[in-house]
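Lettered A, B, C, D, E and F in written order, each chain numbered from 1.
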Amino acid sequence: MTPDAVPATSVSSDFRRGDGRAVDQLRPITITRGWSEQAEGSALIEFGGTRVLCTASVTEGVPRWMRGEGRGWVTAEYAMLPRATSTRSQRESVKGKIGGRTHEISRLIGRSLRAVIDLRALGENTVVLDCDVLQADGGTRTAAITGAYVALAEAMVWARKEGLVTGQPLTDSVSAVSVGIIDGIPVLDLPYPEDVRAETDMNVVITGAGEFVEVQGTAEGAPFNRGELDSLLDLAVAGCAELAQIQRETLGE
Amino acid sequence: MTPDAVPATSVSSDFRRGDGRAVDQLRPITITRGWSEQAEGSALIEFGGTRVLCTASVTEGVPRWMRGEGRGWVTAEYAMLPRATSTRSQRESVKGKIGGRTHEISRLIGRSLRAVIDLRALGENTVVLDCDVLQADGGTRTAAITGAYVALAEAMVWARKEGLVTGQPLTDSVSAVSVGIIDGIPVLDLPYPEDVRAETDMNVVITGAGEFVEVQGTAEGAPFNRGELDSLLDLAVAGCAELAQIQRETLGE
Amino acid sequence: MTPDAVPATSVSSDFRRGDGRAVDQLRPITITRGWSEQAEGSALIEFGGTRVLCTASVTEGVPRWMRGEGRGWVTAEYAMLPRATSTRSQRESVKGKIGGRTHEISRLIGRSLRAVIDLRALGENTVVLDCDVLQADGGTRTAAITGAYVALAEAMVWARKEGLVTGQPLTDSVSAVSVGIIDGIPVLDLPYPEDVRAETDMNVVITGAGEFVEVQGTAEGAPFNRGELDSLLDLAVAGCAELAQIQRETLGE
Amino acid sequence: MTPDAVPATSVSSDFRRGDGRAVDQLRPITITRGWSEQAEGSALIEFGGTRVLCTASVTEGVPRWMRGEGRGWVTAEYAMLPRATSTRSQRESVKGKIGGRTHEISRLIGRSLRAVIDLRALGENTVVLDCDVLQADGGTRTAAITGAYVALAEAMVWARKEGLVTGQPLTDSVSAVSVGIIDGIPVLDLPYPEDVRAETDMNVVITGAGEFVEVQGTAEGAPFNRGELDSLLDLAVAGCAELAQIQRETLGE
Amino acid sequence: MTPDAVPATSVSSDFRRGDGRAVDQLRPITITRGWSEQAEGSALIEFGGTRVLCTASVTEGVPRWMRGEGRGWVTAEYAMLPRATSTRSQRESVKGKIGGRTHEISRLIGRSLRAVIDLRALGENTVVLDCDVLQADGGTRTAAITGAYVALAEAMVWARKEGLVTGQPLTDSVSAVSVGIIDGIPVLDLPYPEDVRAETDMNVVITGAGEFVEVQGTAEGAPFNRGELDSLLDLAVAGCAELAQIQRETLGE
Amino acid sequence: MTPDAVPATSVSSDFRRGDGRAVDQLRPITITRGWSEQAEGSALIEFGGTRVLCTASVTEGVPRWMRGEGRGWVTAEYAMLPRATSTRSQRESVKGKIGGRTHEISRLIGRSLRAVIDLRALGENTVVLDCDVLQADGGTRTAAITGAYVALAEAMVWARKEGLVTGQPLTDSVSAVSVGIIDGIPVLDLPYPEDVRAETDMNVVITGAGEFVEVQGTAEGAPFNRGELDSLLDLAVAGCAELAQIQRETLGE
C-alpha cells in the first residue's frame, strides 16, 4: 500500500448517506427473472430506484465478418426511456443519432458479458442483450450489466434445451457496481444525488471468481491518489461478491 | 342500420377465439397508476400480454410557434422496445430514423388526447406523453391511448396542486380499442395472433361521452361493406364504455 | 340509421361554399393519362387547384424478404414539392428525414392500391407508385390515390404487352375522396380553406364496386357522433362513384 | 484563335444527330410562365423532353448571418422526381441525404442567378428558387437556370407591386446551355442519349449581354484542346443568345 | 484571339500581390512523397500555406455495379480538418452530413484522376484517393489534385511490384491550379486573401501533355468576357506545366 | 501490495518486444509545438509511428446552457483519417454518424483536459481541442491527450497575451499512456501489434503531480487480478512522469 493510502473512511467520521446506508452497503437489490414472455432470457433488475429491463435475444448465425469461424457473438444495446430521469430527455431515435454516453455504455456491457462466455462453445449463434432503463436513479450501467448476466444465463438454459448449444458457454458470472468518493469518503453503490456530488466516480466489473473485467475510474473534480483508488477497489470487490450471490439465488444455482 | 348489416356473428356460429373470450369481450385490463416515481403522471397499462408504460411530462412554456397565444400543447411519442415482440427488431435510434408506423401512432395518440383537453385552460404549458411498449401482443396503440389518458389525468392533478393550471383542462376522458373481422366475424380487442388473421382491422378512439375522436378502418384482405363497418363500430362503442369505467376506477373518480 | 343521425344538411341551410359548389359536388376533376414519357404508367391528376403527378415504375423481382413466393409487390411514395403550398416548406431531403405526415400518406396510398391488385397474378414484379404533389389545395392524398390507380392500370397494360404478367392482376378500381363537417354541415371534397375550418375530416377509399378500403375519420375540433359519421360516409360513397366513372373514361374502358 | 483550333465540324462531315437537328440548333424550347398559382414567380420550362418546374419564393428577411447589412439573398434548390428518368432512382429524402450531384447543381443555379441580381437593390428579402425536374432528357441544370431566371423576373414584378423592392434588382438576364463533343464534333444542347456519348461535356452560363457567368467543361473521355474549347464556347454563346430572346418574349419585354 | 481580349495585365500596372509574387508565379511548392507509412501511395503537398495529405488506397475488386467488366475504379474523397482554416468549422461527421462544397470537390478530384488512368489496364482493382486538408490557405482543391496524382503514381508502382497490375495504367500526369481576376488583373495560384477578393475564380486541370481535363470558371462579382477567359487559361497552362515538372522530379522520372 | 502481486516481469524472462524496447520503455516521443499556423495552440505529437495533430481553438463565449456563470468550457473531438490505419476505413462523415469508439475517446480527452484547468479562471471562453490521427500505430488516444495538453498550454499563452484570460487557468499538466499485459508480462506504451495481442489493456491519465485522472482497464481475454492491476499502474505512473518532463521541455518551462 502506498504511503498516502490512509484509510479514507477514518477522515470524516460524521459523513451520513441520504438514505441512511452504511458506506459499504448496497441499495435493496431485486431481480425479477423472466419478466418478458417474448425473450429467450430476461430480467427486470432494481438497484433501489433504478430499474432496468434486460432481455437476451438469441438468433442462429453470426454477423457476416465472423461466419464460418465456429464462434458465436454477444453484443449489447443500452438505452434510457425519455422520462426515466427527473426531467425528460429527447429520444435518440427522434434526434436521429445515438449519443456518446449511450454508445460508451452499450460497448461496456457487451465487453463485460463477453468476458464470461466462451464464444466457441456458443457456436455460430448471436445473443443481443437489450438493457432499457425504465427508471434511473444512478448506477444504471452497473445494474444493466448485473441484470444482463441473469438474462444471458436464462437464455443459455433455453439454448441448451433447444439444442442450439451443447455445453455451457458461460465460464463464470459477472456483476458490476459503482463506487465513488464523496467528501473524501469512499462509498459503494451511488444513487443519483450522490453521483452528482462525487469527486471521483468508478465503475467496476468483476467476475464471480473475484477477478476484474473492467475498471473505469474518473476524477470528476480533483484527481485521486493510489490510496483512494485502492479503497474504492476494495469496496467494489465486496459489493460484487454480494451481487454474485444474489444472481446465483435468482438463477436457482 | 343499413340493409346489408346482417349481424355478422350469426354467419359462422362455430368461431372460437384462441383465448376463449366472447367476440365482444375485452382481454383482462390492468392499469397501474403512478408506476413511475419521476414523471408528473404515469400508468403501466396491460391489455392481456400487451404492456405499455405511459408517462406524462409537464413543462412550463410552449413551442416557439405557439408563444404568447395563451394556449398549451399536448403531444405524444410512441415507441417499442426492441424485444417487445416475438423476434427482435432493430432500434430506431440505431437506424437513425423513425419508421412510418411509429410516426403514425405517435400522431394518433397526440390527436386523441388533444380531443379531450382544453388547450386554453391548460395555459402556456406543454405535456409530452411517452408511450413505450414493453411487451407487445396486439393493440399497442389503443392500449397506449387508454393509458396515456390516465397519465395525463394524473399530471393534471399534479399541475393544479403546483398551481400551474387553475381549472380542469380535461373536458372528458378518452379510450381506444381495436376491432376486426376474422373469418367474417367482427371481434373486439384483437391480440397479435388474431390481428394477423383479420381481414379488416379498425382502431376506434371514443370519449367518455361515447362520441368518436378517430375511426381508422383498413381492409387488410378484402374490402368491407357498410354493414360490417356498423358492426365493428358497435363493438368498439361498447368496449370503450368498459374502458372508460376502468379509467374512472383507476383514477378514483 | 341510428337515432342521432338527423341529416346534418338541414341544420344550417344558409351555408355557402367559397367556390359555389353544392355540398355533395366534386371540384372539376382532370386526369391526363400518360403525362410522363419515361414511366410505365402515369397520370397528372387535378382536383381543382390540387395537382398530383403519379407515375408507376415496374421492375422485375421483389424485395429480398418476398423472393420465391411467387407474389409481386406494390408500394407507394408520396411527396410534396416545397412550393406546392402557399408558403414554402423545407425539403425533406434537406432536413435529412421524412416527416410523419409523408410517411402516413405513403403507407395509405400503398395499402389502397394493394387492396385492388392480386399480388399472385402480378408475379414476382414490383410496382412503385410515386405521387408528387406539384400544387396543393386540399385533398392531396385522395387525389394521389385516385391518380395512382390510373397510373397502375396503365402500367398493367404495359406489363401484359411486355409479357411480364399474363392475366389481369387488377381485381377492381379504387378511388378516394375527402369529406368533412364545416359549421355542422357535411361536405364533399374539401379544398384547403375548407380543410382548415373543418371540425371533422375524413378520407375514404372505396373500390369501383362501392366497398370500403380505408375509412379515416378524425375529430379536429369537437368529437363527432354516429349520425355525422353516417352522413360523411354517404357523401364519400357517392363522390367515389363519380371518380370511378371518370377513371373508367380516362382508361377508355 | 489558337493554331490547333481547326474547326471541328469539318472532321467528320457525315455526323447525324438522333433527332435530326443541326449541330448548332437548340431543341424546341417552351416556357410556361406563371404555371404555379401559389408561388410569387414560376415557370415550367421544356428543352425537348426535359421539363423543369421552377418556382421563386420571396420572403421578407434574410438568414441570420446577413442581417442588418441591407442586402438580400438568392439561393436555389434543384431536385429530380424519382421517375423523371428512364429508370427510377431512390428519393434523396428516403436515403436521408442529398447526393453530390444535387448539391453541385443547386449551388450552380444559385451562383448563376446571383450574378444578375443586385442584392443591395433587393433589400433584406430572400428569394428561394426551387427547380424540380419533372422529366429528364439531358440538360436539366441548364434548363433549370434558364427557367429560374423567368421565375425570378416574375417574382421581382410581384415584389415591386407589393412594395417589397423599389428599383429593379435584376441587372441583366441569364440563361444556360450544354455543349459537348461527340465523335469529335462540337454540338449544342445535348439530349440524354448524346450526353452519355459525349467525350467532353460543357455547361455554360451567359448573361443577356453575352458575358460569362460560369464555364464548366469536363473531359469525360479524352482531354480536350484549346481549339475544341473555343468551338464549344462559340456554340454556347450563340445558343444562349437565342435563349435570352425566348426569355424576353416570355416576359413580354 | 477574339477582339475584346486586350491583355488584361496591361490594365493596372501598379497591382502588387500581398506576398510579392509576380502575377504568373506559383507559390513555393513542396511535395513529400511517401509521407504515410500505411498507404500504398501518399504525398504531403504544400502550395505555400496550404497543406494537403493525399493517400492512395488500393484494394482488389470493384464496386458491385462494375463487377465482371474487367475494369478498375478510381475515386476520391476530400475533407478539411476543422481547424485547417482561420476559424474552426464544425466537423461534417458531427453534423451528420457532407456539405455541397465537399461533395463537389471530391467529385472533381475523382474525375481528374480518372482522366489519366486506363481503367481497363488497372484491372478489377479500386483506388481511393483521400485528400485531407491539414491547413488551408486557398487552392486546396488544386493542391489536392496535384498531390493525389503523385500518391496514385506511387500506388501504381506498388501495384506493379505486387503483381496486381501488369502494364502502366497511367496514360499521362495531371495537375491543377487556380487562376483569378483581381482588380482586373489575371493572376496565378491564389492564396486565401486573394481568393476572397477575386472577381472571377477559375480552377483548371491540365494533363502533362497540356490538354484540358476540367475548366471551372465562376464569376464571383461581375461576369467575365472572352478575353479575360483566354488570359486566365494562358496562366493556368503555364502554371500546370511547372507543376507537372515538379511532379516528375518528385517521382524521379 | 496485495499478496497475489508477484512482479509479473519475473514470470517469463524471455519475452522480447517486437521493436526491442524494454517493457517499461516509451517509444520515441516527438512533439512539434505550433505545427499549425492557424490555431491558437497546436502540436503534432508522435509516439513512434502514431502521429496526431492537436489544435486548440479558442473562442469567446460559452454554450448557451453555461452563460452568465462566469465559467469557461473545454471540449475535445477525436477523429482518424480514413487511411491512418493499415487498411482504409470509411469516413464517419460519409457514414453520416460517429461511431461509439470515436465518441468514447472524444469524451475521454475532454474530461482529461478539464481535470487540469480551472474553468472559472478561464472566464467565459471556450476551447475546442481537435485531435486528428494522421497515422495510427497504437496508443492514439493517449498520444492525443498528451499532445492536446501542449496545444492547450500554448493557447493559454495566446489567451493571456490577448487579454482574454488574466491568471493561469492551468492547474497542472496532464499526460496519458497505455499499458497492457502480453503473455503475462505488463508492458508500457503498446504499438498496434502488441495492442491486438494484449490480454489486458489499460489507459491511464495522470497529472504532472502524479495523481490519477482516469484509469480505464479492460480485460480483452482473461480477467485480471489485483496484482496485475498494480503492476500496470506502476508502469503507467513512471511513463507519464517521463511524458510530463517532455511536455515541460517542449513548452520551455
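Definition applied: a residue touches a chain if its C-beta (ideal position, glycine included) is under 8 Å from a C-beta of that chain, and two chains touch if they have at least 3 such contacts.
Keep in mind it's a predicted model, so treat the numbers as computed, not measured.
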item: Set of chains adjacent to chain B and to chain D; value: C
item: Required steps from chain C to chain F (each step between touching chains, minimum); value: 3
item: Of all other chains, the one whose Cα centre sits farthest from chain B; value: E
item: Separation of chain A from chain F, taking each centre as the mean of its C-alpha atoms, in whole Å; value: 26
item: Centroid spacing, where centroids are CA-atom means, of chain B and chain F in whole angstrom; value: 52
item: Computed distance of Cα centres, chain B from chain A, in Å; value: 35
item: Per-residue multi-chain contacts in chain C, two or more chains; value: 96-98
item: Chain contact graph, described as a line, ring, star, complete graph or other shape; value: ring
item: Residues of chain F that touch chain E when the two form their complex; value: 36-39, 42, 49, 53, 55, 57, 59, 77, 79, 81-88, 91-98, 102, 128, 130, 132, 134-136
item: Chain D contact footprint on chain E (complex, rising order); value: 1, 97-101, 103-104, 106-107, 111, 115, 172, 202, 206-207, 209, 211-219, 222-226, 229, 233
